[in-house]
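Across the two complexes that follow, chain A remains constant while its partner is chain B and subsequently chain C.
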Partner chain A sequence: MKRLLVVLTAALVLLAGLPALAAELTGAEIMEKVDDNAYFSTSHMRATMTIRSRNREMVKEMEAWGDAESKAGLMTFHNPGDRGTKYLKLGDELWMFFPNADDLVKISGHMLRQGMMGSDFSYSDAIESEKMTELYDFTVVGKEKLDGRTAYVIEANALPGTEVSYAKRKSWIDTERFVALKEELYAASGKLMKVMTTKKIQEIDGRYIATEVVMEDQLKRNSSTTLTITELTVGVDIPAGLLSLRSLMR
Partner chain B sequence: MSDTMSGSKLRGTGRSGALALLVFTLTLALSAAACAATPWVGGEWGVSLDGTKFGSDWEWDPSSELLLKSSLMGETYRLFSEVSGRFAQHGDDWDTSTAVERLYLRMFFSDFDLTVGKQQINWGTGRAWSPSDLFNPPVALDPDRRRNGVNAVLVTIPHGPLAYTSLIAAENELSDSASLGMRYHGYTSGTDWSVLYVSRDEKPVLGGDIATDLMGLGIHSEMTWEPDYTRDQERLLWLVGADYSWRDGKVVWMGEYLYDSTAASSKTEYPKVFWSPDAHLAKHSLFNQVTLAYDEFNTASLHLLSNLVDGSQAVTLGHSAMLDTQWRWDVQGTYFTGARDTEYGGHADILFGTTLSYLF
Partner chain C sequence: MILRMALRNLGRHRMRSVLSFVAIALGVLAVVLTKSSIDGTLNTFTGNSIQLTSGHVRVTQVEYRPKERLMSLNYPVDGFSGEGIAPMVTALRKSPLTTTVSPRIKFAAMASKDGELIGMMGLGVEPEAEMELAKLDRYLHAGRFVEPGKEEVALGATLLAKLGLSVGDRVTLVFSDAFGSMQGYSFDIVGELRSGLQLMDSRLAYIPLDTVQRMLNMQGMATEILVTTEHDDQTDKLQANVEDLLAKHNSSDNYEVVPWYQHNELMAYISTAKVSYNFVYFFILGLASFVVINTMIMVVNERTREIGMLGALGLRPRQILRLFLIEGLILGIFGSTVGTVLGGALTKFLSITGLKMDGMESVGDEMLITPTIYPEFSPSLLVYAFVAGLIVSAIAVYIPARKASRMEPTQALRTS
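Moving on to the complex of A and B:
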């Protein structure tokens, strides 16, 4: 019924030639649209991670497969220092394979807050596969202009009983493309932990995808990590047995 | 341990050479399918300076090592090689050596993977010690040291995404008979666990390991039991470890305790000569490690290896810095405490090492 009302409202707005369709949306509805953009049943991507600290920079190349339904993913690094290092995520658990020692290690839960491969993205950031709407309660607190785009400003508070990396988020969501342009990530104490800024958005398979984002850890000075997706395919057929320890050790 | 060449002479051939030949033969057989394979060549070149201090004298040994890795990955196989070449000064002499660290062919069948050749068999969950790591055990004084490969035939049979059985026949350099073993790895409610049986020197070794989370702590443990360790003695090795982190994983602590039922409970019982490479001097040993990643590029570490029987310790301070994507600089110093008749007091006073590495 709610969806029908939204469609009717949209039709009326279009007929009247007014631009303010999405102003009617609630925070949850906006975030559902964000989830629709960012949530893939299956995907394969290649990406680079550029880690900067003061005047130093290093680049990591990676490839990842994801299956949202089984909350599973496999990530492999290809840059010289980490070539063959792999991560397997199944549910809320994470395993890591060190190729130099053919060593398979289960990552302890407390380590999931650690920066992945020395980056500003934590393991939790990397493996979180739930839809945002399953984890948070959202409130629209206003609209602002950001880099020339109009954005909803939405505050998100973790739903009771959910395990999330950040207790509170403040997001700037593009009103037309429903992509986060910026996010502030807070600890339960209210302390600002990280700021994520979207630098590039591309339309892929009819969805708007943030293909270049910068994460800044607010607990470190002069440091940032830029994640750039160089190739993304959604709805791929994941090879049988790929998301397993056997595949991790090959 | 490894197939080593000094100058142009090859040492340690025999079974190792035969296995290498087998791998190459199988590789040739697969070459027809190589057009669909993904190749890569990479490695690491390092320049090191190692120092040892005895009393007031320092001895310095510069060296350089090239580690060359190559891989050919096809739909149904992977060929991997890792070869090292080293040029080092020991006292007044310069020495060159090469070694095949790993050389294996892994073939992927629908129900199992078969790996033939020199490989690392990394069993267990321990870091400083790993009782169930019967083929490539770590060195407690330097847990990050590259481990020797072992000539072996390994079959890995998966039973779902998180469970598998490993069957192994491996060369045993201390005996004419091969080591034969099997290990089942499973996962239950957030816990990785394994059980193993190995016949080594025709004597049984039974064991197992777990890794789990308990009240926010990472916990790991291993145990092996050898009922016929010697003619009149059984042996129980037990390791328990824990880890925790603070400041979003920037500060990490890990501790391990090792019990060896056959080792000495006082230093007067210490044997004059070690007769087994995996023997321990002390019945009770402790390892603690703290690492501090103070930014994305720099990590400092402190290792404290303690012999709880004689009170001697090895204290290692290290620092690792990524200078950019391809250059890394490591420096490490170990200070030994204790009287000369203790485990660590019998070492040099200080060990120092620094390496500049180029990764490619």
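Moving on to the complex of A and C:
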């Protein structure tokens, strides 16, 4: 009799849990919500990038304009060492303007995988503007607690034919705010390349935005970069002609 | 009397004697040419390596060498105790045995051309010191060398051609500074270097050191300091002097002083090669000596009756041995003399005109060899070849001569 009770109780618990399981989101649905949070039609932001390498620390101050529709963006550096340096992304191309150079410099191919300004973020990390759901196939592998928050653990594999910096990603997505709390980025070989950890999340214009993230390049020793967004405006009017090669030279 | 007999015997079979003589002469000539060319190539290599990459000794931070290929800026030389390189360079210049001291910064750079980036090795140099060290005058094909404080560059000819630029144009270089920040600067191209060396012609960009220090945020720093002395064989003393200087300023732990012959693995190979090539020279002479051995064996066989007669007349075996040895040595002396003189003259000529070697353009950067080889002419080379020719002909002639001396006169006389 006692045994029967146990079985019945277990069956009831399972039955009660079924609707909840049925309501679980798929990996793609979760990532769509993440994309919705992080994807702005137009934006303007100010940020600092603190690069720690061995026992040195450098701070870069920058300002960025972005237009997701035209896949264009402009980044201008304001810290003393890089003042006046500008990066312009036009589609898949990245153009650089240096105050002491006559010509613009175009960066492409493998160069885009180099550390941006010596940081743990690559140029690709900085300029990739496609939605994650356009690039990867997602599988939810479970849920975990991370720094007191519940997170979906999602594995992402690059869709065939897409050009991505990392063939595989493992992401911990906050179940309520749909922001990545942590990401492990892997090469096609399965080697762990980078680990990104979110340190601060803020609600801006009704969206949850990671405003402080730390990137650690696993191929560098004692190296990490903290990107802190100090100001973010979404849906801004971008000055006409700002995201063009001509304006870069000015 | 034996000498006269030897000369007469040589005259009896003039054709055979001439053949032996020519064989020795050609052997010695081949040795002179081969040795002078190989010595010329190896010495050019070591000379270029000393002048362009290693100095007689090179001071770097201890951790720099393993990261050198990456042209890392994280392990600079910044003086005895971080005060900047100026006092260290001054002290090195005052050090006995020192002839030149050249602080340099080696860094990776790229030039932008039509949206493409072309990689190169930037070299920040003190123009005067570097000109003296690398004797760059001889390579300056157009324009002039860079001057301190200016934003200008001297580039290799191949690199310039690849960029489609020439002296008087401007070029934009992109590079990472000491903090890893990407920087871009435009420079006036003031000089074109044409050396025949892959490294210099297709990869090097000389820029004034002070300009590079400013651009890379490396004020008062260098990645290496090259020090040279008058002669290569003073290297060990120079190394000891520099190490003493560093020890005196308590900076031995930070820096290492590497002599040119330990600069890279190729250098070690070259030292070994120089020794092993001696076997090659003797091998060449050995081949030539076969003709001499053959001739002398024929002579001994043909003159068996005569040898028996000489024995019967009272000539002792030792005297018979001496007779044949002298015949051989006469051939050796004449052959070696002619070979040495002709080889010497040809080497002298080629050491001035050079010997163009096709296909050498494709050798790697590390092989600091020009496509034109200048054989090295020296009196010691002539003495070496002459003596080697003589030794080999003496050995070659000894075997048949001994055979002749050991013949029994009665048995020899019976032989028809």
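To be clear about the criterion, the second predicted complex is superposed on the first by the 226 of 250 C-alpha atoms of A that agree within 3 Å, B and C clash if a C-alpha of one lies under 4 Å from a C-alpha of the other, contacts with A are read in each partner's own complex, and residues count from 1 in each chain.
In this text, a residue touches a chain if its C-beta (ideal position, glycine included) is under 8 Å from a C-beta of that chain, and two chains touch if they have at least 3 such contacts.
Computed from a prediction, not measured in an experiment: that's the story for all the values here.
J.: When the two structures are laid over each other on chain A, do chain B and chain C clash or fit?
T.: These partners clash in the superposed model.
J.: Have a look and say if chain B or chain C is in touch with more residues of chain A.
T.: The partner that reaches more residues of chain A in the superposed model: B.
J.: Determine, under the contact definition given at the top, whether A:S119 touches first (chain B), second (chain C), both, or neither.
T.: both
J.: Between chain B (first) and chain C (second), which, if any, makes contact with A:M111: first, second, both or neither?
T.: A:M111 sits against chain B and chain C alike.
J.: Figure out whether A:V141 sits in contact with chain B (first) or chain C (second), or with both, or with neither.
T.: A:V141 contacts neither chain B nor chain C.
J.: Quick one: classify A:V59 as touching chain B (first), chain C (second), both or neither.
T.: first
J.: In the superposed arrangement, does A:I51 touch chain B (first), chain C (second), both or neither?
T.: It touches chain B and chain C both.
J.: Regarding the shared-chain residue A:D103, is it in contact with chain B (first), chain C (second), both, or neither?
T.: both
J.: Could you name the one stretch of chain C listed in 187-195, 259-267 or 403-411 that collides with chain B in the superposition?
T.: Clashing stretch of chain C against chain B: 187-195.
J.: Can you pull the chain A residues that chain B and chain C both touch?
T.: In chain A, positions 51, 53-54, 56, 58, 60, 81, 100-106, 108, 111, 115, 118-119 sit in both the chain B and chain C interfaces.
J.: How about chain A: which of its residues touch chain B in the complex?
T.: On the chain A side, the touching residues are 51-54, 56-60, 72, 79-81, 83-84, 90, 93, 100-106, 108-115, 118-120, 122, 193, 219-220, 223, 225, 241, 243-246, 249-250.
J.: Any idea which chain A residues touch chain C in the complex?
T.: Per the stated touch rule, the residues are 51, 53-54, 56, 58, 60, 81-82, 85, 96-98, 100-108, 111, 115-119.
J.: Sort out for me which residues of chain B touch chain A in the complex.
T.: Those residues of chain B that touch chain A are 40, 42, 69, 71, 78, 106, 108, 113, 119-122, 125, 136, 146-147, 156, 158, 160-164, 185, 190, 192, 211, 213, 216-218, 243-245, 247-250, 252, 293, 295-297, 322-326, 328, 359-360.
J.: Taking the touch rule as given, give the residues of chain C at its contact with chain A in the complex, in rising order.
T.: 74, 112, 115-117, 151, 170, 172, 174, 176-177, 179-186, 215, 217
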